[in-house]
């Protein structure tokens, strides 16, 4: 019931602070006997890693991990699978000068208000570094849910928006197009414009927000547990639990609210395996909270990163006014690194629902 | 772990199908000794009730309820509080002609795919009638969380949008302005335009979507359980679990993603009680997943209702193509009745987090 | 997280007080499509019913129930299955004279201490009447777990003990021998002696305790979720949650603690289906918290019922000394009616673990 | 929902196998700001440690641990507190010769049946080594629940039983008498006899079982969450989740079942603070599943350790008969080391219920 676990049957518990002994994740409920592909996990971690390109934070974290438990002779045991990441480049000195100040739009004040004691070094538990544990767990989940595949990409940065579309197969290069540039936008021209914007923003000591899109393909019909644990409800929670996330849309989302039912409804036509398919997918692959076999589509909104290198008004722990001029390391735009995070959380939700659906089979 | 419960410490379990014996809710975790105001519950139910105005479904449900347990001498016992609603106007005959067809963008097919057996009468468990149980439980939650108050309203229907703004005190008539018209939009001119649109849509046998806004005031700083059960994550799940909901925004939401950090950050200034306040509220009252004492603000997107009175292509249970020409009763626009549902779910989330926060107090 | 739910995947929530509007149970997680045998449920209820014989409480409750939800055309929907029992013979007047007194070894004082407000009529929520909901739910669970069968019986009342043995097939009449007499002891001679003792105890206005034994046959190997949700751990919790239960033994239990390992270990020999069986069953069918395919055996200790018709020292709500001379209705010995309760809780645990085991299957 | 977590609001998740990378525990829900006494944790670990005396297994584990997260400047952060124990003396060679055999009354077969893949080295996840994580977590829980104190001791080994009694203050030396000898029986004469028995049993290559008693003092009235999460129900589950545990008694337990109600009931008399106390404590401090302010008392039965150094009949993974002649390290009697395990689990249950009770306070 405390908040550091996610999922019910495929359940992760993450731990660790940005500048403490390390971060990690315990994954309980991994089916036994799975031959675990560790290199696939490393690959996902590399996509999340700071310092991976010129447009991300220069913090250096190799993000190598140790498997503490749950694996024997290369296969999962069904017992908790635990990964530990040591904090390598944990230099807290940059934070010391303003450790008594509440950084605007960060979690400093709320952490203090809730807990009365906080680790001011790098945001402590609220640091985006915590997502390293999620991405590793998500990479395990992907191996559990195969052949379901999960592809996310940067759809918009600031006002620069990629062409509409939800089908990775329609892209030049397919799903791999996402990884073809540091911005993780599959449209090269848009990606170039996004990168230029991010560089300009960084030059101003500023940050910028944007939108990630995600599609999950090969999701079988029948996942989701109404009336509260609907598939899109759990996806929404998963996404809003990511740092800097401020919005979620399933299928047609906010745009769909402007439509009439006659425009919005997805007609059924006979499909393979005795199951219908829809000729459009405004439902985003989910109807009544349950997957319908079509691609599951959603977007996630990310606000601009709160750490900016400009003076800001704030107060200190004694409620006295002050001016903060931050130092440290940060991302001018979280979007490129948010892509693997979104995919990881989606994979975790799908793994959990896949196992839960099995429980109900006769 | 099955999906019909919501919340952890203030936990509701709803049951019932649209045309079965009745609907109900068991609320576990209600603090003992609360003098329960039943008329306040009835009042919320009246706001959700079908047939309340000319622009809602004509289904007649008095929505009177029986308190089965948990109440003694007018005060809660700390044992489960249970409400039962009988289905009064449950005429299933209108559904019989197309009981073998999958209504487009309804839960018929996915329910069949998941469970292999379904109650085709009025959507069964997937009917919006289930929300009567949520609204009743939410009305209890409101009494638990007082003096926190929760106000939602219709901000947009189709393309007709109310003026921006999040402060009910700024409205003519204050928060009560929401109830001054059947659309539940506090701006009279917008409300009139919305109502005209809804009437036009209905005349076409069609439906229309829109956006609800909600503000929760007097939320103390410190609610939310990072890193997964963040306050906005639980709100997002709560809202996406509502029928027809397709999107959620916390604070600045999607609009905020177009901003720079220097524009988006909320500066702190000294506030009362030794705690800072922010001079803007793009964070929507939540930072790092924890409430900061400012109003909690969010929006919910609702798609157009799937039931339209126009012929639609679909398939039957044998995967054969067919044409559906629906009959029955429905809402041309779910937005006005969604307002109390959104408020109820918000109150449930806040009650749960309020009780959980108490558990962690020294 | 409040305490009125049990189970995770097959999850029941009970509600209601002894003398309120009624009692009931919501069962979430029942697999869909199950043809529900209502008469089998009624049969279990009849075994628990007060007034069923001369040695039980004379309270008259028909224990008829209404199915409020979850059933359509005779088969389960996968949505919550809800049963409602009205309180028929709820005469609270007998309790009024001592409503301000704390009855010794009852829950009156602790309920007051915990909740600050209590329903003094018949014990309120703490009444054994609550178990009607458990027995009904257990009767559903039995249909889910078939061909697993669960047989409990009265092994000891006071000092009168049946011959040792765990195999219903060894009894004259088989498992049906349990129902051959009102005491529910399969050994006729012991049963007669037990009944005589219970009658004598009742004549004294007194009560007596005893021990129930239970065996679950056809349990497949592999149920149980170490390291905390071990099968015997969940059985222990289930049994100790029953009113008046004070002890639990798995397999050899306390007697086994006097043995040496060389006497206690269960040797493996080759069995059918490529799986070993054990030549003895001191493990009680569970090893390392997981079922091993042998019969699951356990005992439950029940203290003498607290309601006696003799004057007792006690205090009132103002902490003033008083003498209680109870009136009302009660069982002189809870054991005969505890048999179906024990079976119900065992079936609930097994159903939950069976569904959970399915979730982990590849 | 997988089984490696325990507790709801004070929630531990343990991980690790006997001979893998290490063992550990993540404790979520620890109130923030607690000055953590690490030496008190080390002290509890020393009591559980193998090799602590001549009558325990010679396995050498220093059981030193690393705090991976949750602690900053000596005080808890409210984030997950994580401890890691490296496996130091993990020599798996002794297990290799019989890695294909199912050791009788061990978890080898059931683990294989459930997971299809197992770590045969030292029992893997089923090893009692896992309890190091529980004891560490329990030592944290003790600091959370102070001034509640928890004292367990060895009451019986085989047939050698200590004098009756539940009050540590009545012992020569008080509660410290438990630690005055390696058997952890507070009665010196009984302790000597027990030690002699254990030595004799070991000389035979055999093992012996016994009973631990435990008393929790200063438990406030009001802990426990009926009707399922009753305090004794959660204690029962906690205890039966310990390796080798086969029974649990609350208060008068099995002996009480032989009594009449008039003998068993605990009379109330006026006590301090306006609350009654009872003149006897056959209820074991719990009535109706809720603590009544009297000492909480219970026993736990432990079977003889399954590892014996005598040839035993068994089968191998191919269901072929075989004879096992074990080697390795083991305890001839688990009882002395079970004492801190029992205390740890009791402290965990009490911490969880204490925090949950706070959640319900107005």
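As written, the chain order gives the labels A, B, C and D, with residue 1 at the start of each chain.
One rule holds in what follows: a contact is a pair of C-beta atoms (placed from the backbone, for glycine too) under 8 Å apart; a residue touches a chain by one contact, two chains touch by 3 or more.
This one's a predicted model, so the numbers in the text were calculated from it and none came from an experiment.
Visitor: If every chain is reduced to the average of its C-alpha atoms, which one ends up farthest from chain B?
Guide: In terms of C-alpha centroids, the chain at the greatest distance from chain B is D.
Visitor: When contacts are scored as defined above, which chain pair ends up with more C-beta pairs, B-D or A-D?
Guide: When A-D is set beside B-D, the one with more contacts is A-D.
Visitor: In whole angstrom, how far does the Cα centroid of chain A sit from the Cα centroid of chain B?
Guide: Distance between chain centres, rounded to whole Å: 26 Å.
Visitor: Using the average of all C-alpha atoms in each chain as its centre, how far is it in Å between chain A and chain D?
Guide: The separation of the two C-alpha centroids amounts to 39 Å.
Visitor: So the centre of each chain is just the mean of its C-alpha atoms; given that, what is the distance between chain B and chain D in Å?
Guide: Centres of chain B and chain D (C-alpha means) sit 46 Å apart.
Visitor: Would you give the residues of chain D that are in contact with at least 2 other chains, written as numbers and ranges?
Guide: 1-5, 8-9, 14, 29, 32-33, 78-79, 114, 125, 226, 356, 359-360
Visitor: Once bound in the complex, which stretches of chain A touch chain B?
Guide: 1-6, 8-9, 14, 102, 104-107, 109-111, 113-114, 125-126, 130, 156, 158-159, 201, 204, 206-211, 221-230, 232-241, 243, 246-254, 256-271, 274-276, 278-279, 282-284, 286-293, 301-308, 310, 312-315, 318-321, 356-357, 359-360
Visitor: Within the complex, which stretch of chain D touches chain A?
Guide: Counting only chain D, the residues touching chain A are 1-5, 8-9, 11, 13-17, 20-24, 26, 28-29, 32-33, 66-72, 75-80, 82, 84, 114-119, 124-125.
Visitor: Residue numbers of chain A touching chain C in their complex, please.
Guide: Spelled out, the residues of chain A in touch with chain C are 1, 8-9, 29, 31-33, 78-79, 226, 355-356, 358-362.
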